[in-house]
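The structure under discussion is supplied below as structure tokens; questions concerning it will follow.
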Amino acid sequence: MISITGLRKSFGAATVLNGIDLEIRQGEVVSVLGSSGSGKSTLIRCINGLEKIDAGKITVDNFDVSKPRELSEARKRSGTVFQLFNLYPHMTAVQNVALAPIEVLKVPRKQAEAEARELLHSVGLTERADAYPSQLSGGQRQRVGICRALAMKPSYLLLDEVTSALDPEMTSEVLSILAKLAKGGTTMVFVTHEIEFARSISSRIAFLDKGQLIADLPTEDFFSATGMALPRVAQFLSKMRKD
Amino acid sequence: MRYGDFTPFDIILLLQGLGVSLALFVSTTLIGIVIGTAWAVIRFYRVPVLMQLVTFIAELLKNSPVLVQLFLVFFGLPAFLKINVTPTEAAVITLSGNSAAFIYVIAVSAIESVGRDQIEAARVFGLTRWQILRRVIAPQATAFAIGPLTGLLVNQVQVTSLISVIGVMDLTKVGNILNLRTLKPFLVWTAVGLLYYLTAKLVTYAGARFEKRLRAHTAWKGL
Amino acid sequence: MKFDLSILAKHIPFLLEGAWLTLHACALAVVGSLVLGLVIGAMRTSASPLLNRLAAVYIDIFRNIPFIVQLFFFYFGLPEIGIYIDAFTTGVVALSIAGGAFTSDVIRSGILAIDPGVIEAAQVSGLRKITIFRKIILPIALRASVRPLGSVFINLILTSSILSTITLNELTGSAKIVASNTFRPFEVYFVLLVAYAALTYAVSILIGMLHRYLNRHQEEGAV
């Protein structure tokens, strides 16, 4: 379980997250929605320890991410996929995927690379396994990014606007993989702008507005009268649908 | 006082050496700027033969040790041309040539930093090549060149130390003399090093100040 | 006086011996400055203010004091504190220390140019700091730094001529001996100048090839 209580985070004078309480249980797919600047990405960056939190507590399977000793355990349990892929430019797709298993989990190189190929095969990159990131399209890069996160067999997958740097065609190839993962029971925290897709795969929606969690509802409730009763949610949904 | 100890006079000796180093640095830099810029202008006008010659000489000077250049001028020229070359003359010739080669490179890229479109626009307005060079290119190129030039000058201060090898009484030569007399190498070379260090810092500081003033001139001041 | 190179023919083996010593010293100094440059460069980019400051001081000192002064400091100074090493070792050590300052600057900008997102990806996948440095930061920074490192190493070759001032008969030192034996300093130093230029030119071609080889996958449309 990922448990977030009383999370506060500010950058200088700007408070980005202001008292967030959220729990994500094994098997859930939680989409985090909200307009840009609402603090969605920062939330993910707090969970994986890339940002130091100012107050509150975040634990991943009871490991406290603000304690350096426990952070590495917490990180082993969660995998992150980034908006801009952040692949290692000097390594092939296979090497990108196999690096952490080899170095962190001490999996023998041969085995790790075989598993990496398997993963790449499952996302349709069998042919591109030995290509370097610069030789791949955006959608292919992001698929490698997903494999890299999955290679650590994480309990939780953290997805930070993973399609916002992609054009529509590539977006759909990435989303279809995520849908498959969701169906397979992977726990996901999904920060996104893709409302319709979020609706189709999530069990729950968390809605952030100006650093506060103003809705945390089962998906069907969020998109029905319960959600619409919240003015900010209604406003957000109607605006997003218009675009 | 035992022979071999430091005397108060040694400080004057060191400062004298520093003076010689500085004088050679300043004079050869000025000569280098004139020659280097002239070479760059030759390239700008694409003067045939001369342009290739200049590029070749600059490459040769940039890619060979200053010490060897110094030996060629100080030992080689007198033997070859049967002329007399004093250590100071050899130092001035070598350091000027070496500075010129590096300043040439900076000047060329500074000229190139001024966009071709500007030069073409100026030509459309009927400016002559010389007018374009003076009114359009020179002011902008100077602003561009100050940064790299400062870096070069800090380096050239240090290059002057090599003339001690042919016997010019510069700061390093004074260090050699004091080193032999006092047999206190750590003290002597630390003092010498410190003086060079301060000089280099002074050049860096002056370059930054100059750049700031130049930029203030060219900066957009609003309506 | 006529320009006669044939007189040098019988001295070529001796000069080649000197050239070999130069290459030997430079090869060792390249390794030395790479190692030092990596350590100092890593310190310079580390989060610890103390390490950062120490590295900055190191770079500042050795970049702003002439190499010949540094060399004399070690050559005359070390025996003073009971360390007796030969001229060759002293030269290699001094070259490595000075080269390390320049190398670390290159490494530092190579590290700073890495997309922080790539490092974050490595952090969240649970890699240890040392692994991130070895497997991610270093390979990326080194690939990007091949050309500027090449310039540093070419400078190292040119600077190594100064080792002749501490009785080391490397290329320049041997040439000095030949010049005084043949009374043909002009020819000798002219050939020497061309030899250094050819040597550095060859090295720069090798560096270009290495750069293209190491970055062969980064060419096409990298983000």
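Here the chain labels run A, B and C in written order, and each chain numbers its own residues starting at 1.
We take it that a contact is a pair of C-beta atoms (placed from the backbone, for glycine too) under 8 Å apart; a residue touches a chain by one contact, two chains touch by 3 or more.
From a predicted model like this one, the values you see are computed outputs, not experimental measurements.
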Most widely separated chain from chain A, with each centre as the mean of CA atoms: B
Central chain of the complex, centres being mean CA coordinates: C
Length of the line joining the C-alpha centres of chain A and chain C, rounded to whole Å: 45
Centre-to-centre distance between chain C and chain B (centres being mean Cα positions), rounded to whole Å: 22
Intercentroid distance (Cα basis), chain B paired with chain A, Å: 57
Where chain C touches two or more other chains, by residue: none
Overlap residues in chain B, where contacts from two or more other chains coincide: none
Chain A-facing residues of chain C, complex: 115, 117-118, 120-128, 131, 135-136, 139-140, 143, 217-223
In the complex, chain B residues that touch chain C: 59-60, 63-69, 71-72, 75-77, 79-82, 154, 157-162, 164-165, 172, 175-176, 179, 183-186, 189-190, 192-193, 196-197, 200-201
Touch list for chain A against partner chain C, complex: 48-50, 72, 75-76, 78-80, 82, 84-90, 99-100, 103-104, 132-135, 148-149, 152
List of chain C residues in touch with chain B within their complex: 1, 3, 61, 64-70, 72-73, 76-77, 80-81, 154, 158-159, 161-162, 164-165, 172, 175-176, 179, 183-190, 192-194, 196-197, 200-201
